[in-house]
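Shared chain: subunit A. Partners: subunit B in the first complex, subunit C in the second.
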Partner chain A sequence: MDVTIKKEGAQTLVTLVGRLDTTNADQFQKDITPLMQDENPDIVLDCTDMEYTSSQGLRMFLLLQKSVSSRGGKMVMTNMKSQVKEVFDITGFSNIIKIL
Partner chain B sequence: MENYGLDLHCSMLLDDYRELLPTLHQLEKVVADTLNGIVSDNGIYINAIEHRIKAEKSLAGKLELKGHKYNSIDDITDLLGARVITFYSDEVDKIAALVGKQFIVDWNNSIDKRKMHELDSFGYNSLHFICKVPKELYFNPEFPKLNDIRFEIQMRTAMQHVWATMYHDTGYKSGVEIPKEYLRNLNRLAGMLELADEQFSIIRTEINDYRRRVQNLVSTGEFEQVILDGDSFKSYLKLNPFDALNRKIAATNQAEIMPTSLIPYLEVLKRFHFNTLGDIEKMIKEEGDSAYQLAVYQLGNTDIDIISSSVALQNLILAKIIRSGSGEPFVKLFYDTLYGESDYNQERARRIIEDAKKLGILK
Partner chain C sequence: MIKRFDPIEGRNSDIIESIMQSDEVVGLGDDLKFKIRLCVEEVEENILCYSGSTWVEAGAEVEGDHLSISFRDGGVEFDPLAKADPDINAPLEERQIGGLGIFLCKQMMDVVEYKREGDHNVLKMKINIKL
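Here is the complex of A and B:
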C-alpha cells in the first residue's frame, strides 16, 4: 500500500494505492499517525487506486475516523472501486464511514 | 475625570460609582457564575444569559435626569444588570424560583410585569428581581461591600426579548412618548408573541406526553400500537432488538461488532412502508433466517473479522424486499435511500439478487 499525504488548504488529501492487508497494516498505521495529531483534522481519502482492504484496514480507517471526529473534523473516502465498496457494505462500515 | 456637567450631589454619586467599580466587576462574575450554575445544574435549556455593568456615561445621563431621587449610590439598583432569556414561558417561573433560592430578593422592589397588564392590554412582559448576594453564597473580605450592592435580574422568554429589543430600538423610553398609532401596532405584536409563547409551551408539553406514552408502550412490548417515527424508533433501539442476529452473524467469522447508529435506517424503513414497531418485530421473526443466510454468504467468503452493528438490520430489510418478490429495482432503492443514488447500487442490487437465488431465498 502506497500512501501519499498532501495538504490542500485546510484539509489533508491522502491517496491510497494498492492493497491494505495484514502485511502492510502496521506500516499504514505509522503513515497515518501524524494525521491524528494534525491541527486541521479534515481528511479526504482518495481510494481511486486502492485494490483491497482487510479487517485490519477497516480498523485503521475506524481509528482515523474516531480521531478526526474527536477533533471536530470530517473524514470522507472517495472514488472507491466496487470490490472495495463491497467490503464496506457487507460489513456495515458504509454506515460508519462517509463514502462519496 | 469627566463630570458631565452634573451638580455636586450627582458628581459625588458618580465618584462613589467609580470607587465601587472593582467590587461591581467581582459581583458581576459571582452573579454570572451563579446564573450559569442554576441553568446547568437543573438541566434547563435556555437561549442566553446576558450581564453588564452600567457604563459611566449612561449613569451620568440617568443622574442628570433624576439624580435627586437617590440619596446614595446604594439606592441605584441597576448598576449591575443580568438577564436570563428562556425559550419557554414556564421556564421563566422555574428560573425565578431558583434565583429566589440563590439570592436575597428584595420583593418590595421586584416587579412581575407579566401581571401588570389589564385584561385588554398587551405590552412588555418580563420578570424583574432586585437581588443581593447572600454571604453563604459568596463572601470575600477583599470586597466587603459586595454583599450590600443591589442588582437587577431580568427573566423573560426569547419572544418577550425580541419585542423588548424592537421596542427599545424605537428610541422611546416609555409608552407615553410613542405616537398612538405605533404604540397600538407594537402592542398588537406583543399580543401575538404572547400567544406564540403559549403555543410553544403547549406543543412542548404535548410532545413530552407523547414520548412518555411511546416509551411505556415500547417497554410493555405493545409494538403493534406504536407508530414508527424518530421517537419510537429510538425507544425501540434501546431494547437492542437486532443484537441476537448480529451476534449470530458475527460468530461465523469470530468477528468483533462495532456499534453504530441505526437511525439512518428509519428513512429506509419508512420508504418501505414499515408503519409500526410491530412491522419491524414481524420482520425479525419472519426474515431472521434469510437475513442470516444472506449475511453469512457474503461474509463467509472473506477473512473479515469486524462488522458493524447495522449488519443484521441491513440484511433483514434486504431479505424482506427480496422475499416479497420486489426484485432488483427495490434492492437498488434500498441502497439509494441509505447511501445516496449511484450506478454502483445497481450493480450491488444485481449481485444481491444473484446471491439470494443461489441461497434459495428468492421465492
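Here is the complex of A and C:
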C-alpha cells in the first residue's frame, strides 16, 4: 500500500494505492501517524486505487476515525471500489466512517 | 490442490498466493477472487495468531458448483466460529477492533465449518462459483 499525504490549505489529501493486508498493516499504521497529530483535522482519503483491504486494514481505518473524531476533526473516504465498499458495508463500517 | 506449509512463520503471502494462483482459483472472476483472497487471509491470520501450530495444510478444490477451501493445522484446539459476532451497529466509540475477520468469512462464504479431528483443527469454507 502506497500512501501519499498532501496538504491543500486546511485539508489533508491522502492517496491510497494498492492492497492493505496483514503484510503491510504495521507499515500503514506508521504511514498514517502524521494524520493523528493535528487539531481539527480535515482529511480526505482518496481510495480510487485502493485494490483491497482485509480486517487488518479496517482496524487501521477505525483507529484513524477514532483519532480524528476525538480531535474534533472530520474524515471522508472517496471513490471506493465496489468490492472494498462491500467490506465496509458488511462490517457496518459504512455507518461509522463517511464514504462518498 | 492441498499443499503443506511447514514452517508457517512469516509465510502469509506464500500461503495466500499458493491458493490464489492454483488452477482451481486463477480463472475465476475478480469479485470471487477478492472474496477468496480476503477469507483465506483472515483464516490464515487466525491460525497464525491462535493455534500455535508450526504447520498448515491449505488448498482449494472444486466440488460441484462450489469451491471448497480447507485448512488443517496441528495446533491447540481453537474454534474461531465459537466467538460471538461483533456488534456491527455499535457507535464509533464502542466499536471493538477484534472479530471482524471471521465475521467477514461467515458473510462472504456460503459455508464455513470447523471440526476438531484428532489432534488437528480443520476449517472448511465453500463458495458457489457457478452463480
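Convention: the second predicted complex is superposed on the first by the 98 of 100 C-alpha atoms of A that agree within 3 Å, B and C clash if a C-alpha of one lies under 4 Å from a C-alpha of the other, contacts with A are read in each partner's own complex, and residues count from 1 in each chain.
Here is the rule we use: a contact is a pair of C-beta atoms (placed from the backbone, for glycine too) under 8 Å apart; a residue touches a chain by one contact, two chains touch by 3 or more.
Bear in mind the structure is a predicted one, so any value in this text is a computation, not a measurement.
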Please determine, from the superposition on subunit A, whether subunit B and subunit C clash or fit.
clash
What is the contact status of A:V87 with respect to subunit B (first) and subunit C (second): first, second, both, or neither?
both
Classify the contacts of A:Q65 with the two partner chains as first (subunit B alone), second (subunit C alone), both, or neither.
second
Using the superposition on chain A described above, determine whether A:T23 touches subunit B (first), subunit C (second), both, or neither.
second
Just checking: does A:S54 make contact with subunit B only, subunit C only, both, or neither of them? Give me first, second, both or neither.
both
Considering only the touch criterion stated at the top, classify A:I99 as touching first (subunit B), second (subunit C), both, or neither.
first
Which of these subunit B stretches, 297-305, 315-323, 333-341 or 351-359, gets into subunit C when the structures are overlaid?
297-305
If I apply the document's touch criterion, which positions on subunit A are contacted by subunit B in one structure and by subunit C in the other?
54-55, 58-59, 62, 87, 90-92, 95-96
Mind pulling up the subunit C residues that touch subunit A in the complex?
12-13, 30-31, 34, 37-38, 41-42, 45, 86, 88-93, 95, 97, 100-101, 103-104, 107-108
Residues of subunit A defined as touching subunit B within the complex
54-55, 58-59, 62, 82, 85-87, 89-96, 99
For the subunit A and subunit C complex, residues of the former touching the latter:
21-23, 52, 54-56, 58-59, 62-63, 65-66, 69, 83, 87, 90-92, 95-96
Of all residues in subunit B, those that touch subunit A in their complex
255, 258, 260-261, 264, 295, 298-299, 302-311, 314, 335, 338-339, 344, 347-348
